[in-house]
Amino acid sequence: MADLNVRIHNLLLKNPVMTASGTFGYGPEFEDFIDIGALGGIVVKGTTLEPRQGNSYPRMAETPAGMLNAVGLQNKGVDYFINSIYPLIQHYNTNIIVNVSGSLVEDYIKVCEKLSALKNIPAIELNISCPNVKEGGMAFGTSCAAAATVTKAVRNVWPKTLIVKLSPNVTNIAEIAKSVEDEGADAVSLINTLLGMAINIDTRKPLLSTVTGGLSGPAIKPVALRMVWQVAKAVKIPVVGMGGISNAKDAIEFLLAGASAIQVGTANFIDPAITISIIKGIEEYLDKNHFSSVYDIIGKLEC
Amino acid sequence: MKKSITDFTVLSNTRLSSTQFLLELSSDILLNDVLPGQFVNVKVEDSPQTFLRRPFSIHSVDAKRNVLFLLIKEMGIGSTKLASLQKGSNLNLILPLGNSFSFGNVKKAILIGGGCGVAPLLFLAKKLHEKDIHCDILLGGRSSDDIVEVEEYQKYGTTHITTEDGSLGEKGLVTKHSIFNSNKGWDMVYSCGPEPMMKSVAMYAKQNEIECEVSLENTMACGIGSCLCCVTDTIDGNICVCTEGPVFNIKRLKWQI
Amino acid sequence: MADLNVRIHNLLLKNPVMTASGTFGYGPEFEDFIDIGALGGIVVKGTTLEPRQGNSYPRMAETPAGMLNAVGLQNKGVDYFINSIYPLIQHYNTNIIVNVSGSLVEDYIKVCEKLSALKNIPAIELNISCPNVKEGGMAFGTSCAAAATVTKAVRNVWPKTLIVKLSPNVTNIAEIAKSVEDEGADAVSLINTLLGMAINIDTRKPLLSTVTGGLSGPAIKPVALRMVWQVAKAVKIPVVGMGGISNAKDAIEFLLAGASAIQVGTANFIDPAITISIIKGIEEYLDKNHFSSVYDIIGKLEC
Amino acid sequence: MKKSITDFTVLSNTRLSSTQFLLELSSDILLNDVLPGQFVNVKVEDSPQTFLRRPFSIHSVDAKRNVLFLLIKEMGIGSTKLASLQKGSNLNLILPLGNSFSFGNVKKAILIGGGCGVAPLLFLAKKLHEKDIHCDILLGGRSSDDIVEVEEYQKYGTTHITTEDGSLGEKGLVTKHSIFNSNKGWDMVYSCGPEPMMKSVAMYAKQNEIECEVSLENTMACGIGSCLCCVTDTIDGNICVCTEGPVFNIKRLKWQI
């Protein structure tokens, strides 16, 4: 049986399959369906300094092979996470990664300072790419300078593994990746959602309260895979790939393109046990093709 | 009851009206602990334009035969696809989801359903009946075509009907039914149906100081509280209809009533 | 019956439905299926100064609700178009628009000069957004300065209607649109394909000979619609919308978002008569909703 | 013959081997002018992962009954979906597409098919037979399971079989069949099947200075010459397999043989 362990900086994952922020709650939502401990890691919901109510309903629209969301970082804030959520999940036999979101650099810093006290949070994923909040969010992820600034600021206060999550809504994602690598990011994860929109032609109104929202699911997979490939060629730090991954085949494509680990997002909604099937499928693929380790396929695309 | 992703077999698919049909489903998992008001999230197979699952209320459970019923109205691509399911085919459900109607201290209730919103009320009526809680059931629709399974409801309570076109029962909106002319001493109103209807029901309940629970049908992606797409605005802020609902006491909602 | 006429600068279209470049050949390919004269316009294949062989096979990969292509502007050059194609199609009772592509500004200019002699070519669509050619192509479409330069140069030699076709692979498409508007573009069309990729996990090779290619079809519709909405708000010139349009509902969404006309691309492959259904569907929608003209819905999204 | 988008009805769907099945299809349009080597582009309904149409050769036409046959091998999602088509169901085809095999001056031909590549050869054999052109037919496969409809081919020519595992006919690759030991005076070789097989057939034809036509199966998006996705490299540059092919004289291809 092939060795599925991968390493993202100091983070050791028992397999390369994690869950994507905002699609897996905090974990308990999935306990009836899977053994959370079987996952390489879970990335919890976007967490901000203050509680946020998110956007108004409707926040979701189905699209061809995908969906738009406009949740807008609804969460009860970092203090609530620390006091009420963390105690419930800290025992998980997997890596718990907090997705840190914000509108101001100071907010990111404060959240990270608070989280650094938690023993069982070995890494954060810095979300500089949320398309669903008015100020900040994606803005940080669409210019090299802004991405560098927030990465640098967070690096100063966060000694553990720092993953920066990139926005796909840019001309040159590899450049952004390089600028956060230069400021000390230990890894990058991509892609967040593509900015999209849908209209109800009967009411002549947008389907989302916010007009535009984030597109996720299989529809975006080709774009995500291309970006992961471009970024993996451009940086030396590990890349965590995501975007539309719905089965083991998809996951393997991302690994071949250069991702050291992958995250599963929207697919959890359709099959809450999909992550387990994906782990099994990767293992079977490696065995069938006589690879002894998942590293035998990471970045091994021939082109 | 633990949630699960379970393959059910279609035992029967019965057309009840021009747009409604009844699916009878069975599987291995025990349905004893399913509660009225809960729902399932259905995977629509072979449907290129149906990416996400589709939520449907549990219409009824036959605990003896361990059989589950869904009452579905053809609204779009997914529900129309389900309408063509053949006996013996497979249907993947995530269940049971959501909270349930509460009936701890209820003595006399009225159940008001409109259109396909009646779906969860049959199961509720059955449970109330089991607990010897007397209930009036008021079914509304646009026309007689919308009113289905009246005999079923009659088993569990006094059943009244209104249609907007007067083709069955009284003519008019449910909230104008003559049953409201005299106070029947209800201590609970349960309602499910189109939002405008539920809002007028809620208004009636509020004015008459009767407890009122409504079942919401917000669009959902996951159904299990992990996406935060299905929120409704409450006095506690935006909360998920799929986990803290679909049943809400109207006091908790921020409806302008 | 509602009035379907729309105007794109000097171009009068009998209805807002055109075909997208590279997906409709030159027209004759569809004569068995539809009356070409029923269309608002057709945009012919990307035409370059010199003949181009395009990229090697394989050039296509199916993806969820979409496809990737890497045709790479295969065409026999502008002279062949003028001498051998134009005579066959000039009689079409519709607007024939030539999609002009190139790698150098001088090439664009020369192609336009040659085309300007053709009486029945009332407009060109300047393709500054092809993702499938090595130099030039998309590069022009991903920076405001380059987009402005090529637009300005072509404007000098092309007096008839000038539509500039934008790339979606950018951070801020509205800015690019404004910069071509400033240089005299009469309209913009969008979106071209999103850059994507797919991998065959058995051979561990890319599915396209060029590794990356252009993603089209329903999968990209939400992104395209969002961009059309953003651009329509930003510019005063008409916007031609496209990206995944497969039925009348989709087309109406683009019109509501602000497109004065739309183009149908990939959907032609699945149903070569789809354009006619779309025209009918738009008409039915207008009639059903008691609109007397398609202008009653263009840009009429309520938000 | 004018191309059209036509709904056909499935008259029968017959399983021929573990992976192959035969669809018998009928519609209103007249099939008299369909040529051997041409193909159809099929819309696979109810298949979420099948976005584009799927091309299949015209396996045969029964002109009298105006019926069309497709011989299909289960390769992936689309073809597997088609395998489950029931009698009476609908199938949308664009047809007829592509060029055809040429047989103007042919006197004696050999038809060599491998795997499901045999599909267009039955129709070709039939046409050659109608024109009194004598033909040898050589069918190859990995095992006997791949070899189907032998009796059909026998109606139109002398039929020979090879399988790689020897489970039917001679053992080995088609190009090693004993029929090639003596020169049978063929003035045309037609071939369809996996590319490596067609290449060895082409090599044989070239060495023996026999005309040779092969039918290619490049992946296609439109099938009507409008997307330029299906090209093959020829002495005239990249040209579309769907319009200038699928049948090519090997002289035109740039195969390294």
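A, B, C and D are the chain letters, set down in written order, and residue numbers restart from 1 in every chain.
We adopt the following convention: a contact is a pair of C-beta atoms (placed from the backbone, for glycine too) under 8 Å apart; a residue touches a chain by one contact, two chains touch by 3 or more.
Just so it is clear, the model here is predicted, and its values are computed rather than measured.
Counted as hops between touching chains, the shortest connection from chain A to chain C is 1. Chain geometry summary: the mean Cα position of chain A and that of chain B are 36 Å apart.
Averaged C-alpha coordinates give centres for chain B and chain C that are 47 Å from one another. Centroid to centroid, with C-alpha atoms defining each point, chain B and chain D lie 55 Å apart. For chain D, residues touching at least two other chains, in rising order: 48, 50.
Along chain C, residues 63-66, 217 each make contact with two or more other chains. Taken as a graph of touching chains, this assembly is arranged as a ring, one closed cycle with exactly two partners per chain.
Every pair of chains that touch is listed here: A-B, A-C, B-D, C-D.
On the side of chain D, the complex with chain B involves touching residues 46-48, 50. Note for the complex: chain A touches chain C at residues 63-66, 68, 142-143, 169-171, 194-199, 201, 203-206, 211-212, 215, 217-223, 225-226, 229, 244, 249, 252-253, 256-257, 285, 297, 300-303.
Across the complex, chain C is touched by residues 2-5, 43, 49-53, 94, 218-233, 237-238 of chain D. For chain A in complex with chain B, the residues that touch the partner chain are 22-25, 29-30, 32-33, 45, 53-54, 56-67, 69, 71, 74, 217, 266, 268-273.
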